[in-house]
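Comments concern the structure below.
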Amino acid sequence: MTPPAMVSPDMAPLGMAPLGVPQASTVAPEVDALIGALLAISLAVLALVFGLLLTYVVRYRAGSDAFRGDLAAKTWRVEIAWTAATLLVFFGLFVWGADLYARLFEPPSATLNINVVGKQWMWKIEHPGGQREINALHVPVGRPVRLVLTSEDVIHDFSIPAFRLKHDVVPGRYLSIWFQADRIGDYPFFCTQFCGTDHAAMRGAVHVMSQPDYARWLDGQPASRSLVRQGQTLFMRFGCSGCHQAGNGLASSTVHAPSLNGIYGRPVALADGSTVIADDRYLHDSMTDPNSQVVAGYAPVMPTFAHVASEAEILDLIAYIRSLSQGG
Amino acid sequence: MSLTLPARSYLTEDGRLRSWLLSTDHKRIGLLYLGTTTAFFFLGGAAAALVRLQLIEPDGAIVSPETYNRLFTMHGVIMVWFFLVPVVPAALGNFILPLMLGARDLAFPRLNLLSWYLFVFGGLLSLSALAAGGVDTGWTFYTPLTSDYAKGHIVLVTAGIFIAGFSTIATGVNFIITIHRLRAPGLTLYRLPLFVWSLYATSVIFVLATPVLAITLVLLAFETIFHVGVFDPNLGGDPLLFQHLFWFYSHPAVYIMILPGLGIVSEIIPVFSRRPIFGYKFVAWSSVAISVIGFLVWGHHMFVAGTSVYAAIVFSMLSYLVAVPSAIKVFNWLGTLHKGSIRFDAPMLYALGFIGLFTIGGLTGLFLAALASDVHLTQTYFVVAHFHYIMVGAMVSALFAGLHYWWPKITGRMYPEVWGRLAALLIFFGFNLTFFPQFILGFQGMPRRYATYPAHFQVLNVLSSAGATILAAAYLLPLGYFAWSLARGERAPANPWGALGLEWQVPSPPPVENFRETPTVTGSPYAYPPMEDGVQDAADG
Amino acid sequence: MAETGIQYESPSHEAETAQAGMWLFLASEFLFFGGLFLVWTIYRVTLPDGFAAASRHTNIVIGAVNTVLLLVSGACLSAGLPAVQSGNGRMFRRILSGALVIALLFLALKGLEWHEDLNEHLFPAAHFALSERGAGLFFCFYFVATFLHGAHMVAGIVLLLWLLRRARSEPVASLRMPAESVTLYWAFVDLIWIVLFPLIYLSGRV
């Protein structure tokens, strides 16, 4: 069972926890400010509507002797006035919400990238150093973290209420969210897109740790190799190295295939004349559906790895290919 | 007013079952719809009761997660497609619309009967699938969960919805054409009752949105049967395309589920305030505006689904825009109460309760239309509470308002007033107790569709379930006293409320042909206070 | 049946209303197929190569012949309306029978085409013949679209048979309202095919 959000009292900076939900990320107070404004406006409108309603039904109840007088013949001035006022308030709220949303999903440049793979009915999490965990996510405080989300089966959704953050996790796509936790503690996360029988069991906790604690935690994990190393192993095991050049090793086979050195993040010319950037998505698709985007000058001979490599293994391979562009 | 009973009415004309089942009389078909939708309401309500019972305990009080998932799916499917969508248009609308227009029937009476049979057939098909084990997909049927992973009789359920969809298309065509072609002489655009305007706006959605749902369900069924299809990520398809197509129907469908309610309340408030509706033209056109803008906001269901930020911004702006006409309506109802002479008969109490619940539901919609707060609140109990306030709290209140208001016309008997008022108050309080705690649960992050939940959410869940017992009792109450009224109720005069609409000029219950002579309309239906003998001239709008 | 409904002032009031109802129903039907066209458009844009390659595997000869057949049947029905107005029952029955035969021919050819497609493993399940990304989506679209269009044809054929039966027993002048509505429906089925033909057969060949 996941414990309710707890904050270790000695380490936590002072922070608000409206309705018992801690504000544990940098954006949480901003989202709460917006919700607070919406709440204030709602309460004001509610007071107005209920106030007028109750006043009128009491004052103008049948048989009361309140003065009624003549009814206004023209009503359009009033109509225009309250329509315009409503529009104005709504427009303000829209701009506020949209601006914050755009920043919510715009990550800073240097982030700690962690892979999150949803699967009926668990979350598999992989740190860059190769540490894996299930239904738990350890992150350092005060450092921007980017979660790369993908799914092995159906649509899930990764939701961390204490960070005021959630996003769908869609099979066949890499979607990402980022956050910077600024409060040490344990905060629950949930799957919030219905995904089948044990949907409700697909939850866990984010453990926000001080940076030294996080480093210790990483070291204390069972000795596993980094994603790059694992990707390198897979690169051999799946026989990728037979055709593609990567690192210093030369491709052994006579098959003609593009070299992967330095390819990550660069534009690639395709056989159909178009150009794509070799990003996570492109590399993923090139493994699962190689003939869809063939590089110019090469034959479409690569077999698909869609049912050979799991999503987690594909992520390892991408990490390895990415490392080839970083002067490694 | 006279208390003499009509010698023959549509009720007594031919009492055999066969004559009811083959009737092309819009009044009888309206009652057939009322009977079937009521049955579906209590079935869907039973599923809801089990859902609330389960959630008393964090680990689930009564059923396994698998059963729970089937229960909430069954609740959603039945309530959306077989109760909320058809109940007001096809039951009350069917009965009242021709009477309001001074027509003797709808334009296509046999199509009307066919649409009821399609509805029943579709309903039975879906029900049989739900009875045979059900489906665990949620009423939204997202791919690839539904097409490749879910278990159960998905094709059968979707086939039932598909067929019921054509029944609503038939109703929509019938209403639109009737409103255009069968109005009594003198019944100009701006003399139409506001319920007619709202039924027209609803029918536009029936005719133009339902077919998109139909084709989406065909594509979904294809994918479920053959395990390949146009939403399949393995073929390069996009599962989000299903969501776009689904919400292109299902968001307008939300307005199907509220527009007729807005129409009913706009009828009732002037009658019981003895005052012309404030800003007739604004109330009328706001229904059309809701219907039109409602087609352009489906993307707000997908703010965290992975669509582009720009799309989200546009959809957020349009969502705020669609809220404006709703606000206009609320202000105009308040304006109508101002300087009125207000009576508190049961229909009015339901209508006032509607204003309260609709306002809360609408305001909480603003939280979800704003992008950044939607990210936190969407897919939690906040959303559940929000749409229940609109679709259940408000719409069922409006249904009861209309049912009490037109009950004397439909049955020729009065309902017991005290019981009617008591039920109205109980529904308002029971509803708020059930659903208000869910807003807080949602803010705290409790996801929807959870069979079990962390223990710190328990207190509010128990509170919500407690409210649900009151609400269930309150919903059963009208069933009892309406049945009593059918047998023992006081005979109703033709116009018990002193209302001005054409439907009150015919006897209660109306004769088979409604109007012996086609009436001629000379004024607004809201020119209150009326003269002693009914119709008077009034300036329009 | 022939008498005017109690809600109408005159037979022409009723006839015009029925016509309006049919137009509105067809608007609804257009959105039904519109969803399908949208699916085609989206994938044609995102996966142009797969769609083009798949389109080249369709049988353009049968497609073209069918297009001609359907247009001829539609022209027949339209030509039948003056016969109804002038009360020429014999002519009307002949024209109806002609349109019926052509429609059945269309369906027979369509069946043959499906049979060939399945033999060539063009159904995008196991052993699918094409490897281009998007080709499978094209054939999903193809089978759903042609099936739905065929279903509409079958409904139209039932309507034609019903009209033919009535034309045998009733004076043809009283059939004006149903004849016009059925012709309108048939024109819609034609129109859908006129959109489907280039989407399916031509998009990869130009």
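Annotations
Chains here go by letter, A, B and C, matching the order in which they are written, and residues are numbered from 1 within each.
The working rule: contacts are C-beta pairs under 8 Å (C-beta built on N, C-alpha and C of every residue); 3 or more make two chains touch, one makes a residue touch a chain.
These numbers were taken from a predicted model, which means no experiment stands behind them.
Of all chain pairs, the one linked by the largest number of contacting C-beta pairs is A-B.
Averaging Cα coordinates per chain and for the whole protein, the chain whose average falls nearest the overall one is B. In terms of their C-alpha centroids, the spacing between chain A and chain B amounts to 36 Å. Centroids built from CA atoms put chain C at 46 Å from chain A. Looking at chain B, one finds that residues 236 touch two or more other chains.
Residues of chain A in contact with at least two other chains: 289, 292.
Contact of a single residue of chain C with at least two other chains is seen at positions 47, 50, 133-134. Every residue of chain B that touches chain A in the complex is listed here, in rising order: 65-66, 69, 136-138, 140, 142, 144-145, 148-150, 233-234, 236, 239-240, 273-276, 278-279, 282, 303-306, 309, 312-313, 316-317, 320-321, 323-324, 327-328, 330-332, 334-335, 337-344, 352, 355-356, 359-360, 363-364, 366-367, 369-380, 440, 443-445, 447-456, 539.
Against chain C, the residues of chain A that register as touching in their complex are 272, 289, 291-292. Those residues of chain C lying in contact with chain B across their complex are 5-8, 13, 16-18, 20-21, 24-25, 27-36, 38-39, 42-43, 46-47, 50, 123-125, 133-134, 136-137, 140-141, 143-144, 148.
Residues 98, 103-109, 111, 169, 172-174, 176-177, 180-182, 207-212, 214-216, 218-219, 222-223, 226-230, 232, 235-238, 241, 245, 248, 513 of chain B are the ones touching chain C in the complex.
Touching chain B in their complex are the following residues of chain A: 1-2, 4, 18-21, 30-31, 34-35, 38, 41-42, 45-46, 49-50, 52-53, 56-57, 60-63, 68-69, 71, 73, 75-76, 78-79, 82-83, 86-87, 90-91, 93-94, 96-98, 100-102, 104-105, 120, 153-155, 157, 159, 161-162, 164-168, 170-173, 175, 188, 190-201, 203, 289, 292, 306.
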